[in-house]
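Have a look at these structures, which come just after this line.
Shared between the two complexes below is chain A, which has chain B as its partner in the first and chain C in the second.
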Partner chain A sequence: MTDRLTSLHEAIEQVFPQVEGVLALKRGPAGIAAPYLFSPEHPEELELLVLWPKEPVPDTLKIIQRAHTDSKLAIVCRGCEERGIVEMFKHSQLKWDNITLIGLECTQEEAEFCRCAKPFTIHATNTVGDSIQGVPDPLTDKIAAMSLEEKRAFWMEEFEHCIKCYGCRNICPQCFCNICTLEDEKWVETGRLPLPNPSMYHMIRAMHMTAKCVACRECEETCPAGIPMAVQFRLIARDVQEMFFYETGAKLDQKPPQLLVLEEGEYQRTGLPH
Partner chain B sequence: MIEYKNILTTCPYCGTGCALHLQVLDGALVGVLPAKGHPISQGSLCIKGWNAHAFVNHKDRLRTPYIRKNGELVEATWEEALTLVAEKLGAIKAESGPDSIGILTSAKCTNEENYLLQKLARAVIGTNNIDHCARL
Partner chain C sequence: MYEPSIIGFLCNWCSYRGADTAGMARMKYPPNVKIIRVPCSGRISPELVLRTFREGADGVMVLGCHIGDCHYSTGNHRTAKRMPVLKKLLEYTGIDPERLVINWVSAAEGEKFSIVIKDFTEKIRALPPFVETMK
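Right after this comes the complex of A and B.
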């Protein structure tokens, strides 16, 4: 752990001369860490640099870039966070050319915590730590193996625990619409718990995460009801890969399927069955 | 220089004591992040906590006391407002006795503020009618 931290410290110092800030995690009161923009003018603050927990940093990067449109920034990102940045770039939420990636490879323990298939970066040229293989996701496999009726019963029970905090939407770096369907009373009723139609909120989110979810699992982590919602998105991602040959965060020049249908030429080139 | 930081604080909305981070960009409050690793909220928040930043710079936020005069709310100073409240409470107590007055405190207040309110109820007004908004 210490080695990885020292290497990250050095990697950040190396990029300092080229950027206005490096987004990483800083230890705060009671040892609770949060995203922080380290400045090349205050390298001593790197004493408070930490590696864990995982945070929705691609979204934080967007907040900073929106206010400072031409700023050159670096970000310490794990595999999932890198995928998040790639997808946000494809949806015009981030300026790719202004971002320097410092890849932080996850440990076995961290990968298992996230049941992560891809705990490594692929675009970052500076990386810290040894890249490891993906780990199995027993929960997703278990639910995938259920019958349709079992799946329905499982999800209906899970969704009934929802307290509609909107945390999964708020924390998701891929949820960036200005107008959100989940705030439309036509679809999601306000002022009543449990939700009269518990699956409505979650099914809308599942549809909207199609070919967008980067499997960072921030939604699951922040859910006060412990709904394993990333499982839904991972199962949908398997279908998206099969049908559209699309993997989120993988190829910079491959457009997401939901953007392709608008352009016929691109649509055919992907080899989409039609 | 670009400045982005998070300030750890306690959610002001109820007595649970969830922790949250206030996201600050160039000195301005821009959002909330849950605090992973906090022993109470453990990286989760409810819908109120997720919006705990929203009232701070809201245009409808009251920044001064108001007194209703001839059916309309009119801006007032704290001195005027507190004097009016003291006069009216004093008049009600003189006319109907201290137990005609009740005080509700708030989970959003600190322990010290709640202590002071019960002190006001018992020692100044002379009633045990002191309770808490969470029991409403």
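Right after this comes the complex of A and C.
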């Protein structure tokens, strides 16, 4: 852990001459980690650099880029955060050219904590730490193997705990719409508990995460009720990969399926009649 | 035996005309399907289908033009992309994906229309009422 911190320290100092700031996590006064823009003018602040727990840094990057359009920034990102940045770029939320990526490879422990299939960076030019293979996701596999009735009982039980705090939506790096369907009375019974069955809130969110979820698991982390909602997103992501050959955050030039017109022969893979 | 209530979203240009064709040819099909005419099957958002289930429908049909025949050229491509994903989501949440059907019916295919409706109604009739399963 300390080794990675030292090498990250060095990596940041290396890019300092080329950028106006480096976005990374800083230990706050209460001991919690929070995104912070380290400035080359104050290299001594790097003493407060931390690695874990992870926080959604891409969102902060977006806020800074909106305020300072042409700023040259570097960002310390893990595999999931890098995928988040790629997807945000594809949906015109970020400028890719002005960003320098410093990849931070996850350790085996961290990958297992996140049940992460891709705990490594792809696009980052300079990386810190040794990249490891993805770990299996036992929870998703377990739920995928359930029967319809078991699945229904499982999710009804989980969604019963939901307090509709909208935390999962707020923390999601891919939820950036100005007008959110989840706040629309037409679709979601806003401000009413418990959630009815089937839960419109969670199903609409899962639907909107199609080909967008980067499997960072921030939603599960932030959920006060501990609902494993990322399982649904991951299951759908597997199908999207089969149907549309689309992998979130993998290729910069691959258009998301939402923006595609399907070619002849492509929609047959979705199992529709022709 | 209960009578299932089914909502059918029919595209104005093909499937709704297909229903007309079936009617003009005096073809018989079960009356369980309540037809809602929409400008294009691409109009049917996943939210709309989910809300229909929430309101107590036992089955939902989305019928549109064949791929390539869309009046708005690529409207039904949206249906072709989003509905299979929605079916998967229904399955992962524990709702029988058979309750949602997507098919392409052109204006000339009156017979296909009646067959699609007949088959779907039979399929839904075999399942328990949707509201019961959600208790």
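In the analysis below, the second predicted complex is superposed on the first by the 258 of 274 C-alpha atoms of A that agree within 3 Å, B and C clash if a C-alpha of one lies under 4 Å from a C-alpha of the other, contacts with A are read in each partner's own complex, and residues count from 1 in each chain.
Rule of thumb we're sticking to: a residue touches a chain if its C-beta (ideal position, glycine included) is under 8 Å from a C-beta of that chain, and two chains touch if they have at least 3 such contacts.
Computed from a prediction, not measured in an experiment: that's the story for all the values here.
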item	value
Which superposed partner A:Thr210 touches (first chain B, second chain C, both, neither)	second
Chain B versus chain C as contact partner of A:Pro257, first or second or both or neither	second
Which superposed partner A:Cys223 touches (first chain B, second chain C, both, neither)	first
Which of chain B and chain C A:Ile236 touches, first, second, both or neither	second
Chain B versus chain C as contact partner of A:Leu139, first or second or both or neither	neither
Partner chain(s) touched by A:Ile163 [first = chain B, second = chain C, both, neither]	first
First (chain B), second (chain C), both or neither touched by A:Asn197	second
Which of chain B and chain C A:Lys151 touches, first, second, both or neither	second
Interface residues, chain C side, partner chain A - complex	46-47, 50-51, 53-54, 66-67, 74, 77, 80-86, 88-89, 91-96, 102-104, 133-135
Complex contacts: residues of chain A adjacent to chain B	20-21, 23, 26, 28-37, 39, 41, 53, 55-56, 60, 63-64, 67-68, 71, 73, 163-167, 170-171, 221-224
Chain B to chain A touching residues, read off their complex	1-6, 8, 19, 21, 23, 25-26, 30-31, 33-38, 43-47, 49-50
Chain A - residues contacting chain C, complex	143-144, 148-156, 181, 186-187, 196-198, 200, 202-204, 206-207, 210, 232, 235-236, 239-240, 243-244, 257-258, 260-262, 267, 270-274
